[in-house]
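The chains carry the letters A, B, C and D, assigned in the order they are written, with residues numbered from 1 in each.
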Amino acid sequence: MFASKIRTRYADTGQDGIIHHPSFAIYCEIARLEFFQQLGFDINTLESQKTFCPVVALTIKYLKPLLSLQDVVVQVAVEECSKVRFTLKYLLLREETLVATGTTTHCFVNAAFKPIALPKNLIHLLKDHLA
Amino acid sequence: MFASKIRTRYADTGQDGIIHHPSFAIYCEIARLEFFQQLGFDINTLESQKTFCPVVALTIKYLKPLLSLQDVVVQVAVEECSKVRFTLKYLLLREETLVATGTTTHCFVNAAFKPIALPKNLIHLLKDHLA
Amino acid sequence: MFASKIRTRYADTGQDGIIHHPSFAIYCEIARLEFFQQLGFDINTLESQKTFCPVVALTIKYLKPLLSLQDVVVQVAVEECSKVRFTLKYLLLREETLVATGTTTHCFVNAAFKPIALPKNLIHLLKDHLA
Amino acid sequence: MFASKIRTRYADTGQDGIIHHPSFAIYCEIARLEFFQQLGFDINTLESQKTFCPVVALTIKYLKPLLSLQDVVVQVAVEECSKVRFTLKYLLLREETLVATGTTTHCFVNAAFKPIALPKNLIHLLKDHLA
């Protein structure tokens, strides 16, 4: 399973002293873009070709609070993949403790933000990583 | 139904030219905290009394992209409420167009982040706003 | 003097309980873009024409802490303006209290991020707002 | 000279396609907190003892744009240090290219946000890192 190591930032915290809940979506994004880079789909290259990969659905379950300056491992697997849409699943771990789980669903869109088919080779690669 | 008016910030955008998807969770939070303030539960007062109201689950469905400097209305209703947990439902609208829907589930915790019962008067107030 | 009213967000805070210092740069930006919109230079229109207005220098002096959900007025004036560069000055006030001052210096660049001359009518408008 | 390696996040970008300028202040903060941790002044420990180290002044000069998913080295040195205040200087480099410089000035404050003297051993350590 693909895994990405991130470090929480002081800037990610909120006044309640813990990492602010929207930051978890950013941690999933960091892992997702590294996963895609490893598959040969670098987001900066994709977007320079006017292809975008927006989030169409997001879910996060928060199990334990995270603090600033902690090391977190984000595991990424593919939950579903069709011709036009795919769903990724995330596990966030601090040391051996599961702190959150999440999913994101994506499509591909063109410069006008109209949905387009996923690249065929991406579909093959994603199916290799089905959970 | 409670509704909050917000304005998207340039800082909320990403390099794909649209509002970055975690910002939608921030818009829900702005509306939620205004809703709570109206119910008499100001977050700054609560937290100064060492009571916190973390997000334990988040879902967002993204229907239309938002751009910077747009006015958005966030409607908030209560979906569920038990003695220890409640779920809010959000509709985000730009003019008359629904751009996203979401939910957040919350509990109350003390300074040690241990769950505590919801205040009884809050439960009554939330049940008045059941969707 | 142009003034913009903003409301601090819970998301702008940090674990020390106050508004995180980079958020002040965002508040200046909100005021600057409203000021420019009033001058007829809407940032979204500008950028859709592949003209960008990056920050080349930033200074902020922090006088008083800001908390979440506070109303802040950001006053904007023009400090300097040449054919290729201008500097804006900001005063941030909470009620009658000055909480911070700042400056930003900007140029205009094209899609390749090469500096270009400021639009002549913008220079005239900015000179009308010299502090 | 102390140096910290950071990686820009997609979330740090703005709709103009480059890293949003307030993110540079966050990069300086990441480096500063690592520098302080190395000196034996971990921010989480300090703040749990109700000692805070706010920014009282910030300056940044932006020389080159940064893009998402780029590796940046942030060098930190001490520019000035008195009994109650110190200024750090930052150089941000992408590969061998200087992309920005900055300074932050700090004091120490107690839980009531009243200034207090810097710890004497911190003053000694900071003077060892004078630029």
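One rule holds in what follows: a contact is a pair of C-beta atoms (placed from the backbone, for glycine too) under 8 Å apart; a residue touches a chain by one contact, two chains touch by 3 or more.
These numbers were taken from a predicted model, which means no experiment stands behind them.
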Problem set entry | Interface residue identity across copies subunit C, subunit D - same or different by half | same
Seminar exercise, completed: Cα centre of subunit A to Cα centre of subunit C, whole Å, reads 32
Problem set entry | Whole-Å gap between the CA centroids of subunit C and subunit D | 22
Exercise. Distance from the CA centroid of subunit B to that of subunit C, rounded to the nearest Å?
Worked result: 28
Exercise. What are the residues of subunit A that contact at least two other chains?
Worked result: 10-11, 15, 18, 22, 26, 29, 67-68
For this session: Using the contact definition from the top, classify how the chains connect: line, ring, star, complete or other.
Result: complete
Seminar exercise, completed: Residue positions on subunit B within touch of subunit D in the complex are 10-11, 13-15, 17-18, 20, 22, 67-68
Problem set entry | subunit A - residues contacting subunit B, complex | 15-16, 18, 21-23, 25-26, 29, 47, 52, 54-62, 65, 113
Exercise. For subunit D, which residues count as touching subunit A in their complex?
Worked result: 9-11, 26, 29-30, 33, 37, 42-44, 67-69
